[in-house]
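First chain written, first letter: the chains are A, B, C, D, E, F, G and H, and each begins at residue 1.
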Amino acid sequence: MEDILKQVQDGTLSVEKAKKKLAGYEDLGFAKVDHQRKKRQGFPEIIYGEGKSPEQITAIIEAIKSQDNDVLATRIAKEKASVICEQHPELIYYDVPEILSWKQKPARVNESDGYIAVVCAGTSDLKVAEEVAVTAELLGRKVRRFYDVGVAGIHRLLDNAEEIQNATVSVVIAGMEGALPSVVGGLVAHPVIAVPTSVGYGANFQGLSALLAMLNSCASGISVVNIDNGFGGAYNAVLIDQLANKA
Amino acid sequence: MEDILKQVQDGTLSVEKAKKKLAGYEDLGFAKVDHQRKKRQGFPEIIYGEGKSPEQITAIIEAIKSQDNDVLATRIAKEKASVICEQHPELIYYDVPEILSWKQKPARVNESDGYIAVVCAGTSDLKVAEEVAVTAELLGRKVRRFYDVGVAGIHRLLDNAEEIQNATVSVVIAGMEGALPSVVGGLVAHPVIAVPTSVGYGANFQGLSALLAMLNSCASGISVVNIDNGFGGAYNAVLIDQLANKA
Amino acid sequence: MEDILKQVQDGTLSVEKAKKKLAGYEDLGFAKVDHQRKKRQGFPEIIYGEGKSPEQITAIIEAIKSQDNDVLATRIAKEKASVICEQHPELIYYDVPEILSWKQKPARVNESDGYIAVVCAGTSDLKVAEEVAVTAELLGRKVRRFYDVGVAGIHRLLDNAEEIQNATVSVVIAGMEGALPSVVGGLVAHPVIAVPTSVGYGANFQGLSALLAMLNSCASGISVVNIDNGFGGAYNAVLIDQLANKA
Amino acid sequence: MEDILKQVQDGTLSVEKAKKKLAGYEDLGFAKVDHQRKKRQGFPEIIYGEGKSPEQITAIIEAIKSQDNDVLATRIAKEKASVICEQHPELIYYDVPEILSWKQKPARVNESDGYIAVVCAGTSDLKVAEEVAVTAELLGRKVRRFYDVGVAGIHRLLDNAEEIQNATVSVVIAGMEGALPSVVGGLVAHPVIAVPTSVGYGANFQGLSALLAMLNSCASGISVVNIDNGFGGAYNAVLIDQLANKA
Amino acid sequence: MEDILKQVQDGTLSVEKAKKKLAGYEDLGFAKVDHQRKKRQGFPEIIYGEGKSPEQITAIIEAIKSQDNDVLATRIAKEKASVICEQHPELIYYDVPEILSWKQKPARVNESDGYIAVVCAGTSDLKVAEEVAVTAELLGRKVRRFYDVGVAGIHRLLDNAEEIQNATVSVVIAGMEGALPSVVGGLVAHPVIAVPTSVGYGANFQGLSALLAMLNSCASGISVVNIDNGFGGAYNAVLIDQLANKA
Amino acid sequence: MEDILKQVQDGTLSVEKAKKKLAGYEDLGFAKVDHQRKKRQGFPEIIYGEGKSPEQITAIIEAIKSQDNDVLATRIAKEKASVICEQHPELIYYDVPEILSWKQKPARVNESDGYIAVVCAGTSDLKVAEEVAVTAELLGRKVRRFYDVGVAGIHRLLDNAEEIQNATVSVVIAGMEGALPSVVGGLVAHPVIAVPTSVGYGANFQGLSALLAMLNSCASGISVVNIDNGFGGAYNAVLIDQLANKA
Amino acid sequence: MEDILKQVQDGTLSVEKAKKKLAGYEDLGFAKVDHQRKKRQGFPEIIYGEGKSPEQITAIIEAIKSQDNDVLATRIAKEKASVICEQHPELIYYDVPEILSWKQKPARVNESDGYIAVVCAGTSDLKVAEEVAVTAELLGRKVRRFYDVGVAGIHRLLDNAEEIQNATVSVVIAGMEGALPSVVGGLVAHPVIAVPTSVGYGANFQGLSALLAMLNSCASGISVVNIDNGFGGAYNAVLIDQLANKA
Amino acid sequence: MEDILKQVQDGTLSVEKAKKKLAGYEDLGFAKVDHQRKKRQGFPEIIYGEGKSPEQITAIIEAIKSQDNDVLATRIAKEKASVICEQHPELIYYDVPEILSWKQKPARVNESDGYIAVVCAGTSDLKVAEEVAVTAELLGRKVRRFYDVGVAGIHRLLDNAEEIQNATVSVVIAGMEGALPSVVGGLVAHPVIAVPTSVGYGANFQGLSALLAMLNSCASGISVVNIDNGFGGAYNAVLIDQLANKA
């Protein structure tokens, strides 16, 4: 802001232009695409596909690409994806997590960098777990998957404990097995992001039980994101993993 | 009531007729159409379409038109609308907010009058936002739309702050971004009507989270209507905007 | 903002000072008193007393008075008030609604102005009702009180209907009698602000039942504030009453 | 029981038979049809159709008819009803409330008897209201219907007040307008049975809001049955109306 | 109303007086005592003591007595009662249910009349059960008490079944034993009013569990009042018992 | 029942006496002490002390002792206990679980019998854990305690795994650590009774989170009792342990 | 573990192999099939079919069979079952409870063994009741079914009381009739496992009401599993029945 | 584990000792103090004081100090603290956040390291905010406090935006102003830990509203800990800040 004010003071920038410069978005009518996001938050705006039409998504993708930014769109049902890909065959679609993506150049992953452990309790949580894993990979981080390691057969988890402990950060996904983040949190010395899922029956109440179990965990380094919010879990983990490897 | 009592006293009105006069509605069997509503509340009865058959809606519309009143019907799904419009091609249908309407004469809007700011957080809240905007316009007020100005990229909101501040009243619609009315409420000096929407995932619980967030806002001039109740938000705003411009 | 930018452009304001001008608050360490509030929102910052010590409240009052602003503090328990008033005997304490106030000059109320109807269902809601009434009066508006007019004996309400109808805006307070705003809303043509209270027993669940009943009302011009939030109800009504009388 | 014991004492009834006599039901395998119900409770067993197959319902109907009892079955979707009626064309189907019935001889209604007032708020509550009205009529009572008399236009209710007051008992059905039983309860001197419905949107939460509003009513003579439980509302009213007319 | 209108027509009643006649209450400032209640609902206004000061209660009692009406006040804590009784030693205080009462002449109970069965599950529900029993007696009905007959030892209930079956109406009070009204409802042929209590621990959630269990009962003749609302349970039972014995 | 019926048939038992025999309880007015409980359920009636006065408890104890039955009373606060023990110094009071007991002869525990594992997560759950352990011991079973073995330091649990696995049945008590029963359930081959406690803060909601976590566990052999219901947990375990050792 | 450590000490087992031995599962990528389960918990891993594809289920079945273990898969919808059975015609499908099973040799049931009582309230709970009964039978226990014995006609239950009392353990399934486990629990001296179902309407809230009613029961020997969790109810009962018959 | 196994293989460690070595805790009877925590998780066991007696806390402190570990105890009410400090005057007590601490040597903070931003909305959230700040400082990190920067006067927040943006990680504490983390999350490029507090009134429901608002935020880098869990917020932030500065 100081730069802009100084340019105004110098007369090198008109008051009118100074005001526009602060806006930093493109108005599509139904949406205002945030072009400042990358500078402000490290990543360009990411598209949340639910409740948007293929036409709206296409328009936003084009606005993002026009700024030479990478594209990452989550919650894109298969039918929507095929409509969008007809016009943009350069996009890549990930089936299980329903993610649509395009990158200007392949992500450069440092050999020496750490990795994110994606840990999940059961087969039924796979979709959310893959949303975590693929999102993190597309945002340029290394990922290792530990699936079906629920506490009902705890040896499966303990057997993988060392490899999980060596990660920079863990993302733990569970619906029925709300206990899993507690157990992982007790085994590792790094931050754990817990993602409750709406999978389960009876008194799971669409993920509420898992959410509450995770919030009440006694293990200290656990924080929680919204139910089924695999993207959010990934994003937090990526920010932490970047910090750990930047220094 | 006093007029009627006086006419009874004068003998110009029979006791029997006096009793009927107080009724003021037309009985269609399944519904009692309220013909006194316009006198009592400023607007004729407005039809809530959900759960009513096209035949029922048509009958109510005809009862309202027979009293030379304007027609405004919300929550009319597209299929219902086309059935009704076959018999009443003079009706106009608004696609996105699913509103059906007919006016005796076009609304007269005073040039000098204020306007209602309709502010919404994301593309997925568009349907409810348009229910607000179209309802308010059909009830004769000026409206300005500010869409996709969520707090995750707050410069988009701040950039429009002045134009929102100059409105008479704001209606703020949000599902996932329950924070938006708080932020708008902190920026403006006029009343803010908050409309929570059921859009969102995970722990939004069909709009409950947004509703609670809005009720708990620290900003002072905010009041809340029911989840997804765009019509209610508009109606409140129209009453306030009328008061402000009538004086 | 444009003014400040222009002054910067003209050189009449340094970049450093321009930045400070935008801050507009005084930092007391534990609190940042908002001196811009009056300009931005029409009223100076109002103090919410719950959870603050008498010393903290006294310090904030002094910061507000130092800017020649009026003082309005809600939720000041009697014991706190007497501590504060020892140092500031010029403050006036309102017992029932637990409000502490000071005004530079007495509020000027226009003879011709409208009034706010404060309607409440039962004796047990009196405290919140008085928080509404006294707040509105201290903010400079005329108020008429309609107490104990619950629907269980609806003639008490109907008997006062005309005087309520003539108000600019109504604030309806109820705990057990969540039906009251619906009935008032059906009788009047102006906006109704509903304030649920936590008074009641059994399945009232600390005001939740009243809150839900009010949100679900079929009457159109009703909006709702938080449980027991008499201040919020008053503030909304004052904004509306001002708009109606300003024009 | 004493009779049976005495017969055992007299030797006119064997211990084995005495035990069977106490059973008093017919075992269809998937269901035990209660043949003692009429003697114990005044009415034969009534069939709740939801979740039962047409074959199961037919079998239960035949078991009931074999005991010369009347048939009353609620929640019979149209498709199920037509399957059942193929084999039992003597059954009568009520379309709106989805009731299937057969009576040995037409109900005898005393001219001088009182009637049950069935009061409902809006067109969308009609289905439940008709479940109340038809059930009560089939159980042999007189019914008067007062539909669409919600409090948003209270003159429609007041206009019918006298006829409602003259009933023996009222059943008040409402989804969005949870206030209605309170208002009716304040007008009448007889018992009011309130039936919340799941109709509504937003924070109605499938009838929970209406249920809570009704439970918290200040009016004294109101009791509540389960959400959408029109049958239960009718049954309670019938028991009371019988008591009032029996004496 | 017709009488008043006719008097107006005849000129025997002025318009001004006619309006006052419709009011029918006495305004104490903090309360409007409803003098029409007895005519409209069969009983004079009953005082709900919670949240009212002894002075307020005394003033209301005096207003009621000035109209030659009986006094019935519930939820009067012992300390309040002794303050009130100093000035009004003619009042009688019932210790367990915390009821204060005064009657012009002793209630006349017909020998031949029916009785109300007050059934309760455990010792901890005694307070609410006594609120039911004493209220019903003070309103002039016969009562029989069946205490500690919970289903955990069902023989205690079955042993009293016949005497319960012979009542006109039952009021069943239970906190932990939400099953009791279902079992009673299955045994009797008369209406059952269920009163959930907030007594219990763990997942009783202040009576919510008992309330839900009672609402979901399969037995047909059960309706429910608010948690701990012994007065409401009694009032409903009295209305029904009166109807049954009046005819 | 057959015995009694036969005696009636033989004439060795009068009808009147046969009816009394079925009653099997002693009526203290405020309570009906169930003397049949021991025969029907294996244990005499156990007293739940909360909400009962010392006098009431003493009377019930005396009724139980008069039948030569053992006394077990839970939730007896220290003050109550000392009042009761003045008259009955033979009673023994257990401080932490607030249990009062008396046994005719010391429990005979078979050397070869199995034991109940009482497992608890943290120091703050000790009170409920001791209610489990002491109740089970007083009902004649062997108990081993495993305290403070929460999953945040899972080696503390694994270290004791073998001894827990060798129990007949486990009772697992936890408030914040709702995950514990899942982990124990995954380690053992016997039934696990889970007891959620109300200990915890924030979103534990008085034990609701722990309760839901336990109900949703993926481990198969877990069932749950009410929040803080240590007695219930013990009672279930005792029934199972008896079955296992009886055979 | 000690065995493995000793073999390591003896040099008969390499450190590398010792680590693998502790793993005890087969990794299919999407799932880790737990081969240690039978040894650890008495039964091989049981498949929960919901949310798994037929291909995934087939793969897990093959992994289990490759270890000479029996197959038990619950929640296998009919369509999925027919896909799986094409490749594995040796599997048996149970229609009502949607269970798929295969056993190496038929279960040997001891003549002298006890049995599990499966008690259910209504026809609409049949599906869950059959999940209990068939699971218990496939796990090798004897079962007796008591269906449609709800408390609304309690003689149907009392008539079967003796046969239920003679069982080793009862599983009681109920949706609307949450009272049933309380009543059964009061009649028997053995453990009762309660299974709430999501069947019901109105305020049953997907089984929450039944769940809460069961948790709050006063009868002592009751514990509860998750809503609709017939498998869990069966599994607990089987563990207990085994203990009782093993000894 | 491999080390221990190898020592066993070499014969340098007996099987018995190997088993003990894996335990790694000290058993105080009521608690098992986890001495392995520091090695496993980076910090020694931290004491949660609520529900523990001063004697228990003292014993745990001594066990920790005996291992040359630092002491950190949260939720130590003032009275408890003074009892404990009599015996251990070397401990330091922090008044506002109720923390008790002792360090072997003063924390070494690197000049060049980043800092944690502790951001809070209002004065009433100060206690939890200080629990965050003091905990983080005692665990050896740099902290900057930004208090009373709620969105109702957003310039107070924007004015501090740059200094917040330069932090490594933010912890945002809010009770009534659930919107704050969203707004902060939209301004910064680093992870945000949100801590809801139970401060607020009406429909805040002990922090539930703030919790839900935070979980539903649209801003991407936000995760949430339990209500009032300042310690948890701090611990997560410390782990992240360490990672960022270690590299």
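As a working rule, a contact is a pair of C-beta atoms (placed from the backbone, for glycine too) under 8 Å apart; a residue touches a chain by one contact, two chains touch by 3 or more.
Keep in mind the model is a prediction, meaning the values are calculated, not measured.
The minimum number of touch steps linking subunit A to subunit E comes to 2.
Shared contact partners of subunit B and subunit E comprise C, D. Ranked by how far their CA centres sit from the centre of subunit E, the chains are topped by A. On superposing C-alpha atoms, the copy subunit D sits rotated by 180° relative to subunit H, to the nearest 5.
With centres defined as mean CA coordinates, subunit F is found 48 Å away from subunit A. Averaged Cα coordinates give subunit E a centre that lies 54 Å from the centre of subunit H. Averaged Cα coordinates give subunit G a centre that lies 42 Å from the centre of subunit H.
Counting partners per residue, subunit B has 40, 152-153, 187, 202-205, 208, 211, 215-216, 220, 226-227 as the residues that reach two or more other chains. Every pair of chains in contact is given here: A-B, A-C, A-F, A-G, A-H, B-C, B-D, B-E, B-H, C-D, C-E, C-H, D-E, D-F, D-G, E-F, E-G, F-G, F-H, G-H. Residues 121-122, 150-154, 176-180, 182-183, 185-187, 200, 202-205, 208-210, 212-213, 215-220 of subunit D touch subunit C in their complex. Considering their complex, residues 123-124, 126, 147-149, 152-153, 155-156, 158-159, 199, 201-203, 205 of subunit G touch subunit D. Within the complex, the subunit D residues that touch subunit F are 2, 5-6, 8-9, 11, 15, 18-19. Listing the residues of subunit D that touch subunit E in their complex gives 40-43, 46, 168-169, 187-191, 193, 211, 215-216, 220-227, 231-232, 235-236, 239-240, 243-247.
On the subunit G side of its complex with subunit A, the touching residues are 19, 22-25, 29-32, 34, 36-37, 40, 45, 50-52, 56, 196, 198, 206-208, 211, 226-229.
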